[in-house]
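Everything on this sheet refers to the single structure shown next.
Just so it is clear, A, B, C and D label the chains in written order, and each chain counts residues from 1 on its own.
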Amino acid sequence: MDLVDCYQKVRARTEWICSPLQTEDYVVQPVEDVSPPKWHLGHTTWFFETFILKPYFAAYQEFDPNYNYVFNSYYETVGNRVIRTDRGNLSRPTVIDIYSYRKYVDDAMYHFLRGELPAEIEELMQLGFNHEEQHQELLFTDIKYILGHNPLFPAYKKDHEAPHVHEHTSSAFINMDEGIYEIGFEGEGFSFDNELNRHKVYLNAYQISPALVTNGEYLEFINAGGYQDFRHWHAEGWAWVNTHKVEAPMYWYLIDGNWHHYTLNGLEPLDLKAPVNHISYFEAYAYADWKQCRLPTEFEWEAASAKFNWGSRWEWTESSYLPYPGFAKAPGAIGEYNGKFMVNQKVLRGASEVTSPGHSRATYRNFFQTHLRWQYTGIRLAK
Amino acid sequence: MDLVDCYQKVRARTEWICSPLQTEDYVVQPVEDVSPPKWHLGHTTWFFETFILKPYFAAYQEFDPNYNYVFNSYYETVGNRVIRTDRGNLSRPTVIDIYSYRKYVDDAMYHFLRGELPAEIEELMQLGFNHEEQHQELLFTDIKYILGHNPLFPAYKKDHEAPHVHEHTSSAFINMDEGIYEIGFEGEGFSFDNELNRHKVYLNAYQISPALVTNGEYLEFINAGGYQDFRHWHAEGWAWVNTHKVEAPMYWYLIDGNWHHYTLNGLEPLDLKAPVNHISYFEAYAYADWKQCRLPTEFEWEAASAKFNWGSRWEWTESSYLPYPGFAKAPGAIGEYNGKFMVNQKVLRGASEVTSPGHSRATYRNFFQTHLRWQYTGIRLAK
Amino acid sequence: MDLVDCYQKVRARTEWICSPLQTEDYVVQPVEDVSPPKWHLGHTTWFFETFILKPYFAAYQEFDPNYNYVFNSYYETVGNRVIRTDRGNLSRPTVIDIYSYRKYVDDAMYHFLRGELPAEIEELMQLGFNHEEQHQELLFTDIKYILGHNPLFPAYKKDHEAPHVHEHTSSAFINMDEGIYEIGFEGEGFSFDNELNRHKVYLNAYQISPALVTNGEYLEFINAGGYQDFRHWHAEGWAWVNTHKVEAPMYWYLIDGNWHHYTLNGLEPLDLKAPVNHISYFEAYAYADWKQCRLPTEFEWEAASAKFNWGSRWEWTESSYLPYPGFAKAPGAIGEYNGKFMVNQKVLRGASEVTSPGHSRATYRNFFQTHLRWQYTGIRLAK
Amino acid sequence: MDLVDCYQKVRARTEWICSPLQTEDYVVQPVEDVSPPKWHLGHTTWFFETFILKPYFAAYQEFDPNYNYVFNSYYETVGNRVIRTDRGNLSRPTVIDIYSYRKYVDDAMYHFLRGELPAEIEELMQLGFNHEEQHQELLFTDIKYILGHNPLFPAYKKDHEAPHVHEHTSSAFINMDEGIYEIGFEGEGFSFDNELNRHKVYLNAYQISPALVTNGEYLEFINAGGYQDFRHWHAEGWAWVNTHKVEAPMYWYLIDGNWHHYTLNGLEPLDLKAPVNHISYFEAYAYADWKQCRLPTEFEWEAASAKFNWGSRWEWTESSYLPYPGFAKAPGAIGEYNGKFMVNQKVLRGASEVTSPGHSRATYRNFFQTHLRWQYTGIRLAK
């Protein structure tokens, strides 16, 4: 792997994603879970500064000691962090300041990477690339939230095109046999610590759909009163629906009797054939219950994943986000990456149309809280 | 099974538990999760009235139609329910009224049970007995909360004696082999729907402790600064510790430099040899992490359960509360019993010293949210 | 004044008010502003123990040192206080305990009062009598809240009779001349510190109604859409109406299309001729605005008070609760009585049908926050 | 008055205030009470568009119908308003868009003002000028909040100079006689409706300080434990101090044992001789109580105002914000300007160093809630 080349490509793609933005779009944080784009730009830079340049590049001069405080994430071992809800209150550093910061760190990184490298660097760089790719996806989801909740509904790009995933339309479920399956990552290449270790899982016989649930199918659930019938919901999901008066997926707007949805191209009539998007786990569960089906576990998903196309939506599974047998946290701040979130979250499998190219794997474990909807999330049924 | 005899015993035990109470103790609800004892007395009665007498006993005259509203629980299909937080605001019906209600329903039940019984009654009665036994345990935990949070620290009984469980003191972990294990209930006798179906699970080799963690061992964690070191905690657990300024298990009080704990006998010096009690999942996890161990999964627990004594504490497992393969909800209100809680909760296994006699099984799945501590909860380590 | 006789009468009346209660009614606290009746019984006793017996009666032995903590009110100088919201969680001391406490303190008081008394005692006793009378009124309002928010709507007494106030029914406003008026208490007898000092106020000419607004008149405001028209409301009042979905006075219930109200006699058809009751300042203001009138200031009220009957409702005034010129706090805990509440509250003048006999004066200044409704509050118009 | 000339000057000054800002500074809203500068720019423009151009200039074409929704304030009669807390989430319209909006409306206004004008226009224009001047002051306070709560503490301008007010340093109080005083606005020129009508007030003899309390004097209160002694505080103020852990005025920072304060020039050592700034009413009251003085009423302030210099700080008074005798709301949206806020707020008198030139009067009534501190607020003592 050519680290310089990879580094250059990853860093450039992040800035390419931001290129259609106005300066003001970089700044705001409408809800706690959405970060301002300029924070993503700074935070991914801070990662290389903190975990590569400072410990390994003796000649490196820190760009600005305050930035450590501003662009830190949840890494408690590295220092105080800005409370997440406060990120949207910081007008400084400006967008120009942050691009200067990126340039400064990039220059130092090129200088560093062309020198003699310690053995562990490649692994750390891989982590940095994958970390930045995760934030590339968050840039898409967060930009969509910022623009899609503005009363002017500005488009991100008028001609934005999502990568094409060939969606199955068959309604015939795939039959999977009872037995022992091997689950988890093994082999060459990068994986996150939460995909390890590869281990055996016993599965009962099950069936899984090759196709994702579409907007049209989900609309039937709405029209059948699915949001008003507690029997399909968890008690906690039912409370969520009623507290927040949820009546449709995020970004759906009923205008003069016709359903629209906000996309990166702006506000458009609802595409009935596209896979349903931006739903919570609670909604995915309720839909499946209404269809007298269920969501697959993450193990069922992985075991069958070679038999269907995936990649347009993150797919909610019935599995909670828990450590695999033998899971061990890495020492130091890097070790905080995954393990500390392994409670009260659900696993999502697959990838979405805004996942960075090359970032997805059949063993990849994404995870979110059960009420969140700003991700590109969809439904695959099992029974 | 003699239904009349069983009914009489279950109903009498509930009232025996309440017999040391003052009238005022029956009324209050200090926090949302704790119900007033008089509500438990009424709700368990409402269960038999609603699911047995009304549908099956034609001669039955409802005691008071308002009671359905007051003593309903979470059964959304049966009618409006009193918001749980409001239970502690209701001074009426009085305790005497509720004992009259119990007597009225009991008399009708005896009348009914001595007649010709439809086939499904035995199963419903079994559910009613087990339901009331669950509330017997809640009576103990809720009474403890009510008295243990009163600044006068009144004893429940001065001479209350807990059932004796012979606790292991060995520190040698039990070795368990890798392989397929059968998990879940099968056979004669009662079980809840969440214990079904019995199914195969593949487990890696593991070790599990025969002994529960003691107060003395837990105190070492406190003294080592365990509550101040974020590295041992989930992110959500760390936020919980800091928001609520948690520094010790519930009911522990540091008085003039000496640790005490409130028990049903009143405030006493901390018993260092007793199993630690009233801790949240977050604390159980952090303690295990600090000991460089982990909590067992519910499958590991069940597979090894014949090799150690259990029953003094509900034991937190690493498993989330999820449906077993093939789990199906019963139709109607009864079906709301378990399935609707299968999200964002952890499984506890075993039983506690306040669990009703005969109510426990190795396949029993109890469940609570990760921050709750008013149950008799403890820690068994695995690795 | 015969202190023993007065003491006996005041103390007996408090217990007479509680005599129709069930034990359970003494215990609950449905909202923060409402205290459990048993707390009032204990707190008024604590007042005499703390401010008379302990400092002045050398032979006195404290009943129970914990009671100081439990029955303290807002007197910060005397020690830690129970957070007000927690009062309803305390099942102990029991009602019987508290009556024992009353008896114990009363016995000591009689012993003390029959001895040689220091000069300042009479003034302190007067304060204690008036303090207990205030709590007698709070007992009525709090009991009404507890029973009137119970789904069974139990009556306090089936034959409870309110003291009769002859209400004016004339619609002709009283004309008052421009000029200097003297406001505030002067002369013999008891007054609170907030009624001092008597001072001059200049008033423009004004008109004031001899009659209180009736339920029937207020119903016209409701039927005219008054609760839906922001123009009549303060911005803060409008937010309050919408947040709490307020549509009528407290205790009004629309049952099968007919308005009812809960009274101490139970649920009854709305009495259209009775003065409107249990409204917030926000509602009083909005009603007056809708009638193209306004509320009187407390000075206008006092200056005209000899010209109309008053005493069935506490009357909201436009005046904020502020110190009179020359107001000085008494030293020590007694000084906390009034001054610390002189911000963000409105003055109410008059008295209500549940005010203790002999407790009212034309200079009396009651005060509440603008959103509160559990008092017997009404409306007198001015222009 | 030359309306074109006045209009040009007012509009230009608003933009001059914003000229040192970075684009990002225009966007954020750190707390509900602080609006993003770009909102102020849009809202003041919306005022002229809505109240002048649309009703009076037939040729006018609305710039963008969405802007009415985005830039509306609290004027309920003109349409739906953006919830205030949401203003900081709107990245669009951009700063450039809003400057285009200003230019578009300004061009139309010049066109309109050069034509034949209806009689009421001058009064409306005066209101528009004064409204925009109020927002000029808010721009200063809000910009200060945005920059002064950024961890980088950027200066607004390195060489910002506040207008000079000659501060009195004498400690001798001014004696004012008992008697009738005339209060309120009368005569030529602009005033807000809340300053009317001029009316008689009777004042007892009082004394008022010619000097404002300085930072040095306030520091003595802090060092004497003023923030830890409940006796000086209202009950509500004491709760505020403890809930928010308040220990000093806003913008004070204790760095290495030395007090600093953030000013528009950046972070500087505390200026002990400057008048104390950015304190809540609760703090002003507590300080006065500690000094065994009190705050003046707004009537005392106005009656004595010719005898001292004022204008560097808005001065908290003891008076609540209430209507003057004969106060009447204007009809329509303009009438919502002041009356709807006349509850639970305190009157501030004078002006501050960031008040627009020519905007202040001795009869001017500013008003804020008792806990707010982002204004330039100070203390003048009375007794």
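Just so we're on the same page, contacts are C-beta pairs under 8 Å (C-beta built on N, C-alpha and C of every residue); 3 or more make two chains touch, one makes a residue touch a chain.
Predicted model only: the values in this text are computed from it and were never measured.
In this assembly, the C-alpha centroid of chain B lies 44 Å from the C-alpha centroid of chain C.
Each chain gets one centre point, the mean of its Cα atoms, and the points for chain C and chain D are 37 Å apart. Computed centre separation for the pair chain A/chain C is 57 angstrom, with centres defined by C-alpha atoms. Not a single residue position of chain D touches two or more of the other chains.
Taken pairwise by the contact criterion, the protein chains form one closed cycle in which every chain touches exactly two others. Inter-chain contacts, as defined above, occur between A-B, A-D, B-C, C-D.
Only residues 22-30, 38, 66, 69-70, 82, 86, 88-95, 146-147, 149-152, 154 of chain D touch chain A when the two sit together in their complex.
Note for the complex: chain D touches chain C at residues 74, 76-77, 180, 199-202, 204, 206, 230-231, 233-238, 281-282, 285, 294, 318-320, 322-323, 325-326, 340-344, 370.
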